[in-house]
Amino acid sequence: MSAPEIVNAAEAAALVNVEQGLASRRLYVDAGVFDLELERIFTRTWVFVGLESEIPAPGDYVTRTMGVDPVILVRDHAGEVRVFHNSCPHRGVMICQADLGQVKSFVCPYHGWTFGTDGRFQTAFHPKEFYRGAVPFERLGLHPVAKIATYAGLIFATWNPDAPPLQATLDDTARWYFDMFFARTPGGMEVQGPPQRWVFEHNWKIGPINFCGDGPHAPMLHGPISQMAVGESAEQFMAAIMGESPDVILGNGSAILLNLTPGERLDFIGFHPDLVKLYRESLNDIQYGLLGRMMTGVATLFPNLSLVQAPVRFDPDAPPVNFLTLRLWQPLSATRTEVWNWYLVEREAPHDWKAETLRAGLRSFSAGGTFDQDDAEAWASTSRAIRGPIGRSLDLNFQAVRGWRDDMWDDFPGPGKTCRNMFTECTEFEYLVEWRRWLAAER
Amino acid sequence: MSAPEIVNAAEAAALVNVEQGLASRRLYVDAGVFDLELERIFTRTWVFVGLESEIPAPGDYVTRTMGVDPVILVRDHAGEVRVFHNSCPHRGVMICQADLGQVKSFVCPYHGWTFGTDGRFQTAFHPKEFYRGAVPFERLGLHPVAKIATYAGLIFATWNPDAPPLQATLDDTARWYFDMFFARTPGGMEVQGPPQRWVFEHNWKIGPINFCGDGPHAPMLHGPISQMAVGESAEQFMAAIMGESPDVILGNGSAILLNLTPGERLDFIGFHPDLVKLYRESLNDIQYGLLGRMMTGVATLFPNLSLVQAPVRFDPDAPPVNFLTLRLWQPLSATRTEVWNWYLVEREAPHDWKAETLRAGLRSFSAGGTFDQDDAEAWASTSRAIRGPIGRSLDLNFQAVRGWRDDMWDDFPGPGKTCRNMFTECTEFEYLVEWRRWLAAER
Amino acid sequence: MSAPEIVNAAEAAALVNVEQGLASRRLYVDAGVFDLELERIFTRTWVFVGLESEIPAPGDYVTRTMGVDPVILVRDHAGEVRVFHNSCPHRGVMICQADLGQVKSFVCPYHGWTFGTDGRFQTAFHPKEFYRGAVPFERLGLHPVAKIATYAGLIFATWNPDAPPLQATLDDTARWYFDMFFARTPGGMEVQGPPQRWVFEHNWKIGPINFCGDGPHAPMLHGPISQMAVGESAEQFMAAIMGESPDVILGNGSAILLNLTPGERLDFIGFHPDLVKLYRESLNDIQYGLLGRMMTGVATLFPNLSLVQAPVRFDPDAPPVNFLTLRLWQPLSATRTEVWNWYLVEREAPHDWKAETLRAGLRSFSAGGTFDQDDAEAWASTSRAIRGPIGRSLDLNFQAVRGWRDDMWDDFPGPGKTCRNMFTECTEFEYLVEWRRWLAAER
Amino acid sequence: MSPAAGANAEAPRGIGRPVDDSTYRAVCEFLYSEAELLASRDYRRWLELLAPDLSYRIPLQQFDKRGEERRYGDDPAWFDETRDSLCIRVEQLLHPQSNADRVPSFLRYLVTNILARETPDGLAVSSQVLLIRMRANNPQPFLLSGARQDLLRSSAAGLQLARREVRLDMPLIDSPNLAFFL
Amino acid sequence: MSPAAGANAEAPRGIGRPVDDSTYRAVCEFLYSEAELLASRDYRRWLELLAPDLSYRIPLQQFDKRGEERRYGDDPAWFDETRDSLCIRVEQLLHPQSNADRVPSFLRYLVTNILARETPDGLAVSSQVLLIRMRANNPQPFLLSGARQDLLRSSAAGLQLARREVRLDMPLIDSPNLAFFL
Amino acid sequence: MSPAAGANAEAPRGIGRPVDDSTYRAVCEFLYSEAELLASRDYRRWLELLAPDLSYRIPLQQFDKRGEERRYGDDPAWFDETRDSLCIRVEQLLHPQSNADRVPSFLRYLVTNILARETPDGLAVSSQVLLIRMRANNPQPFLLSGARQDLLRSSAAGLQLARREVRLDMPLIDSPNLAFFL
């Protein structure tokens, strides 16, 4: 629209007023800001690209995007996980157009340049001598990412050769919490199939900010369905929300929010008893205790990965069932976001339980999910609401942080800076403070 | 396209050559010009937002846009008319997504912030104490426009606190003419329902310029349908067009064109006799005389409101019937325009007549109207015709003004500078001269 | 996306590394590059607009585009070929919205300004006196191109008054080859009807570069269909490809590639024997000899015209049939291209043969053609593959040229610089070298 | 009319009894033949299918919020026609000089989900219609869809259309004109 | 399921014998009436058409390269529902405070290409469905199409839907939610 | 062929007499079953439905201005096929190495407005077809619509398609290829 486009770091930094707890609405609609984000964030941070269990065998691949750059995630024939830009080094034709597959080697459809699953150039149409040494084929393999790292079966990649190791981003504190979801049994979690994919008509950051710890929206936006479908009882749910809801600042823009049932009892609502025994093996006492009281767990790993776990009930005669979904918020433009949504389950889970938990997730957190449906319309309206010169001139308000950010729940048993409840907006705003650092090139 | 984008006032001003009667075609296709218009015009002029009769009762609201900024037009519970930006002061979610409704208060769907119909913040999820004084709720009501004013039931608003009063824009001269349409009976006009809305694939200014007084297009573009559907007879219509057709420069870019039947007789073609008696009460002699001879009246109020009144006949056995339509040309992009089209009728009109006049309007000036259909294809073709570097380098031609602008119809009985006929292009070009003032920041 | 937009000649020039045989992928996705191309190339080069046989009679017109500027190609009533911008000099309305037609004069639908088929202004709604000399109608005819020229019934136009004559671009060398297709019989070629038009989702240059001489893609991408449908036999076809395939640099970015059957025998595969006799009359010995051995001929005339001729067989009981198609790659945006596809045949061809050759062309090189279908998906994938900041930062690779460009087929009997085979990438890269000259304003 | 409000109240289902097979087939033939006339702009023959007392309406739609619904004014519409007014429209569209349809667009009518019931007034017929329009000025097809509620009557000349109401699905028409019939 | 894989294997053609004309007409009436209920969001009456043991599935689709096909995981879906879970979904969509459908969108269901076969389990019915949805937040209609494979059974209350599988044509849903049924 | 020109002249309405109910149902079954084969790319079985002397044409369309119509050249088309040439096309599309359909797109055929008439040559059948195609390279569905004029003949193996002409509504095809049949 009419305001001058944001083109540099200083201008971008000025869009977040750290002291005041305010941010410009241009963060949600400005094409210039979006372009900067692609450059400053998505070519430089660690980006989630998939799960090890999506490519179990050598030659298995799936196609993904990092920002708007398409990549191939493949297990090479030596068993190594690889990530390559999904374009031919010759003339840029896309190598893999399918969503997933199984290959011996990658063959470009245009002129047949062929690459190993390790990305190395193998053959062109002619034998190499034909090219008289003019084409440095040894340097013309598939373009690889700079680094790949995994945590608990989750695969991350970055284009940035100077990126700190994944453990510096997903550090001890973060892993202490994430282990409750991804490493709670000896076998770990496995994926329940390819991701659902659908498109939100709003900025990609709205989702991850919400999943940092948007307490107030839950009873408001999801009130009706919560009463119908969540947990043991609506009362218990509301008690959890209003009661113990630690919302933890994990650093680096990431956060996790837990809704805990009141009291000391470990009800393990929605968990399978056989699995609870395994949690005991893999988690420490504090983690185990938190999991036993957990109604919902919601988290975001900066910049665009989130998770949610919650017990829901769609069969009036059966107890609630927990699901765990992993969600990637893929930027398409300043006002369009593609959501990728995976379901995870413990490898050791009984067969029927796997089906149960998948259905629980599909019915609540998915394009057709009863919870996501509510969020979708509220979020989508934002783009239409604030695209004009007046709308863009106003603020996004996180001022609640000024009342709470200096009063943390210091004796919460877990690591990290813990907010006293899920209504402080602190974790949400921390995400933007981190965002500001990347845009301002402080990272 | 390829020419450098217009980015400042001086460049914009150079696009209209006042002396020569020429304007650059970039006014109709250039994205940079469009962005400047949103900023320089639509956040600063008075913009029409609706009619008092659309929100008769307290709590009634309709949703509108000013430029591309969405607003809520509501009658508050004290009976006051209010206009607010249609976005939540918290995180920018749209407050009202429906086209119209009736509320006690406005509740944001995302976190439930609640506002009175007067815009004032009422409640959040928690009691205020929870926020520890950090959130200045008293300043976080719905964002209001700077000023609201009405004329004859038409509601205008502006974001510009320094805007001159509405009467300075819609001044004595303009009102002298507009009263013939909006204030011709004691009860005034009322709206006949919500507006039709449809999309033209061309620049938003083409419509209002045409409605300023595009005489030559009528017999050409609307010839066939005019012969079938207009007035007493095709001859009378053509006589009016070729005969007395004062086209009045109202100042501020606005204009009105009247086609009058020849001679002194007041035929009041297409008017209901009961209403004509009431006109006598509300209008002065000159106004009454003009209305009695009026075949069509067409006007534009800068920047984007137009009206048209004309008698049409779709029943071969019945006399012609006048309609009055109010039209808002809403900018969507340089080459897309959303049209809003209301029908008005005298509050005192007999019930059947109200239905008759509405049908007359629907059948002639509407998305499916026999007149609008012809304009639509001519106008839409313009965007395709002139988007290229050659097309953009050429001019829009209004050079006829150089032959007529110094030879006005000085003894026309109404106020304003009156052109001698409807073919001079003077009122059309005056619109662009005013446009240039706003873009050049002379307004 | 995020990289700064290309805005000037120096930046554009730097995108092609002539020495290295590399070009930036931004050439295929960058909106800024595209805008420069419209300005630097399409308003300045000779652009193909149609064939004389499309407008045989006075008053016949077809509508075309030069870049994104729409034009009317008309034969005026004096029999002269004319090309005008398809917009009214008054207010820019499109004069002709149909694809083709027959007129006495051109009448603008908006206000009825009327123009002769020679473009001259004829009448407005009023007699000229009405305008009091203020409107210079004599200068307000339809806006003409600067120059028009024809070669063998092909019509070219340019907006550039300083353009060198068409023969300087389509020079002796180029015509020596093109005569084998367009001037091989005394009567010459005629068009077989209006062009097919469809849309590729990729940059407009990919097609013409491919048609310069993309040898390697043929056996790879078109292998299966070639075996089914091309020529005498798949073996013969492969032999031609691997054997004598002169790929000639015509200068000015143009090129032609010929696949010749091995040996001296003139098989004239896919040609009609009656026509072969006529070739003997119109061509010299060398041309005739090349045509007699020609399996396929593929050429590009910079910037966006290509041709292809090949013998195909869709009836197992009949010999193969040659077709000749002319193809215009019309730029729509950096990643969208409209293809126009005409079929040509010798004027002297027997009636049934005309139908045969048309069908051969439709079935192989068309939107539904067996060959084009394969290219389409490979090319379309490119836009998706390289739009991101990483994709755009990489190169298009033509490094094979470094092994071959100094080792030409000097004793090839035809004129021009002839590459030794169809795998050298030299003609393709020459196209980009020429492109660089135009963008860098060296032309 | 809000989409939430029950189209069902007026739907043929429930009122009247299903027509027999041969009548059902005749209704389908009528609607499909009519669609051909509309698609080929053979409007004068289309007019012959219309009863003299035809009521032809395409009401305006609004987006409502549940619980906040409100209406004002006189029941506005896109079309509110009689046979006479349709005749004038047809004359305009077919007039050699008229601009609206001077470069005729391509029209396609998909008529589906046909249900027919006997009623005392004639045959109450509901159907869904999807119009696809290609205009010379726009390479994107324009889609317009809605539900038709028709009343058909037998006449000497076969079935005739006595009433039609088309409830569009689009409150906002994303096209510059409605130079066609539904 | 890849589009290349044969929907045919399970298509009614070939299995069972074509139903007689009156059954065919009843099947069409069922599907058209159901479409009206869905379009008008008359979900509670829609639930009455569902058999107690209903299986309702909309599987996820993937783009495959021929010769490289592979699947992993547990057969994911967009919807995998029982009559009970659909009841809860309906309660949510109709709840006065629920946001998903608070400003109801306009829905249109074109049901075409209906084929029906007798099988021992009931009537195996295949059809094509095109949904057109207009949401307040987007002036562009959202199109969703697919092939339905239904199993209908006679009951005291007429035909009932005992099984439905909808194979969508869209691996990626270009819309923010699926707040409707197919 | 201009859209203004009367498709009617050749439409089955008027020529021949309507087929009886069982033939009508057989025609519908034929077209719906054919649509399933096309949608699932079961092309070899589709070929079995084609008569040996099949003429299969999809002519090119042009936008005309009324009163200025003109044609030149030899009646160009998108497709002009025999059964033999379709066989080769099928072999290409199904070839394991062919690129056009290597990542098969999703195809959906809505066939509606079916009218059938007895003629001396066989059954003259008109219908409307809407194709919806989803390609891996584009998340927007591609729509292609038109009117089919078919000639069906009875053979030992059931009905066979002896002639098809599809008049598209799109003079410009907004898609990179036509790697499918209509």
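Residue numbering begins at 1 within each chain, and the chains themselves are lettered A, B, C, D, E and F in the order written.
Throughout what follows, contacts are C-beta pairs under 8 Å (C-beta built on N, C-alpha and C of every residue); 3 or more make two chains touch, one makes a residue touch a chain.
For clarity, every value in this text was computed on a predicted model and none was experimentally measured.
The chains in contact with subunit D and with subunit E alike are B, F.
Centroids built from CA atoms put subunit E at 48 Å from subunit C. If each chain is reduced to the centroid of its CA atoms, subunit C and subunit F end up 31 Å from each other.
Counting partner chains per residue, subunit D shows two or more touched chains at residues 21, 63-65, 99, 101-103, 110, 112, 130, 136-137, 139, 143, 171-172, 174.
Contacts with at least two other chains are made by residues 94, 97-99, 109, 199, 221, 377-379, 381, 384 of subunit A. Chain pairs recorded as touching, per the definition above, are A-B, A-C, A-E, A-F, B-C, B-D, B-E, C-D, C-F, D-E, D-F, E-F.
The residues of subunit D lying in touch with subunit E in their complex are 2-8, 11, 13, 18, 21, 24, 61, 63-67, 110, 112-115, 126, 128, 130, 143, 145-147, 168-172, 174. For subunit C in complex with subunit D, the touching residues are 94, 97-99, 109, 199.
Every residue of subunit A that touches subunit E in the complex is listed here, in rising order: 53-54, 56, 60, 96-103, 191-194, 196-202, 221, 223-225, 228-229, 314-316, 338, 343, 354-355, 358-359, 362-363, 366-368, 370, 372-374, 376-381, 384.
The touching residues of subunit F, when paired with subunit E in their complex, are 21-22, 25, 29, 31-33, 35-37, 39-42, 45, 96, 101-112, 130, 132, 134, 136, 139-141, 143.
The touching residues of subunit A, counted against subunit C in their complex, run 35-36, 38-39, 42-43, 65-70, 85-95, 97, 109-112, 124-126, 130-136, 140, 143, 159.
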